[in-house]
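The data blocks that follow each hold one structure.
Two complexes are shown next, each including subunit A; its partner changes from subunit B in the first to subunit C in the second.
So, the complex of A and B:
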């Protein structure tokens, strides 16, 4: 069971990354919990400077950009 | 190896097309469409058919280059460089780094908090936040393409000057108590993660990705902007704007800033229109002030900033930047 977090304040890029992540999880069939963090105070605990951020099991793997479904899938399988 | 050769080949093709654009545009309008030169319609069309591909090609080339340069910078590295930096030197450094650090206005808040928390002084942080959106590559390329290198250089250097000075003043005023209280209480738990090292091939990919992302977003504004510009170019009488916003009308600079701030547009939409207004007699300083206020100060951005700044600081920030822009406007109306 993986914990995936998307950090971002609801801008267009953050929404795209969230959608792509949901799609990637569905396609790989991995058991994962996807959490969206939109609150700045919560977000800043993770030492974030540029949004959106994709975290898999508390490790940030994508910073400040949108990743496509294929890229997220490879990150999930690793 | 293949990705290493590809850019050079692409550059050769780019140069070949770019320097034949005027000839091709004229051929299309005058020979293929068989329009008579000199009429309003023909001149508008010639302008449009030439300017749109020209500006788009410049964008593709330069954004690719800037994308590669930016891959060597990151918000994390910039923060590290600015930690504990004080007064003037810090403001200069922050403004310069604001130009090259990858930045999206949607990241303004986390960036602001992250900088403050790491001990980057408030004024230095502001220098960064003013320079980053104002001196962006899209604005500078469009100015270069439509006005020439001199105006592009003037815009970038006066923009830099405003960012340095405004940040320095904010630092001197000691406004730290106007930052939302919770910002100072935050303690990041996340550890510094090592930066990933990119190969040159990957950097080329980063460059191509930024072309896809930025050009994919702004091309429609450029087509519309140049389209409106082309219509004005051909149909509005010469010097009509001169009476409206002429050199002698001192109020034209503050007025254009007042109109510019609530207008939320990006450089891509506004600069082609302004280029034609200048042709019709709007003085350079007024036009410069208008573009800067549209690009650098925006209402939505200030509403977002409300989450981390108390109202007085937002007004002081907007006031100082607006004052700086007006000084630039007056200065250029006076010397040009």
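So, the complex of A and C:
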């Protein structure tokens, strides 16, 4: 099972990335836990500068921008 | 737990007088519109920060600034995580700085307007509302 984390301060971009990620997980049918991290202290454990960040299994794959569903699907099946 | 020292713009004036270096992490276009007018300041946009933060001195007090205090908080945390020790975040950023009438170069209406173009992470919507609320709430407690 993959662990996916969305790190962001709760702004519109972060919410869009979260929703796109949920949709990508649904469309690919993979087993994944999607966790939203908005707490500043928690974010700083990952030394986040630009948000939102998409992490798959503890690796940052998107930083500082929104990815669309198709791009996230590609990242998920890699 | 990461502990980040924070100061309001008024208290930051004292730090500037005592030789602190301001580090503006806003993007270049934002700085071109409206800049902090202080003797010692560098601009390292947050989008370049990871590659360029080593340009910052380790032997000087750093006050990190941005538009509203959100991006600068993350940059301050990043510096502390990377071995810098004398790092302060300026709360409320350029918005409060301009409201207080501290020196700027450029058009202050870009931050004093109620519909700012840039947010802590480039987003719009309710987060902006939250930030405004936060500023309002702290009016009585911050200088």
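The rule is simple: the second predicted complex is superposed on the first by the 78 of 78 C-alpha atoms of A that agree within 3 Å, B and C clash if a C-alpha of one lies under 4 Å from a C-alpha of the other, contacts with A are read in each partner's own complex, and residues count from 1 in each chain.
Operating definition for what follows: contacts are C-beta pairs under 8 Å (C-beta built on N, C-alpha and C of every residue); 3 or more make two chains touch, one makes a residue touch a chain.
Here the structure is a predicted model, which means the values were calculated and not measured.
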| item | value |
| --- | --- |
| First (subunit B), second (subunit C), both or neither touched by A:49 | both |
| First, second, both or neither for A:60, with subunit B first and subunit C second | first |
| Touching partner for A:13 - first (subunit B), second (subunit C), both, neither | both |
| Touched partner set for A:40, first subunit B, second subunit C, both or neither | both |
| Partner chain(s) touched by A:26 [first = subunit B, second = subunit C, both, neither] | neither |
| Interface residues of subunit A shared between complexes with subunit B and subunit C | 8-9, 11-14, 40-41, 43-44, 47-51, 64 |
| For the subunit A and subunit C complex, residues of the former touching the latter | 8-14, 40-41, 43-44, 47-52, 64 |
| Residues on subunit A engaged by subunit B in the complex (per definition of touch) | 8-9, 11-14, 40-41, 43-51, 59-60, 64 |
| Subunit A-facing residues of subunit C, complex | 1-2, 46-47, 49-50, 70, 73-75, 77-78, 81-82, 119-127, 130 |
| Subunit B - residues contacting subunit A, complex | 74-76, 79, 102-104, 106-107, 109-111, 113-114, 117, 182, 186-193, 307-308 |
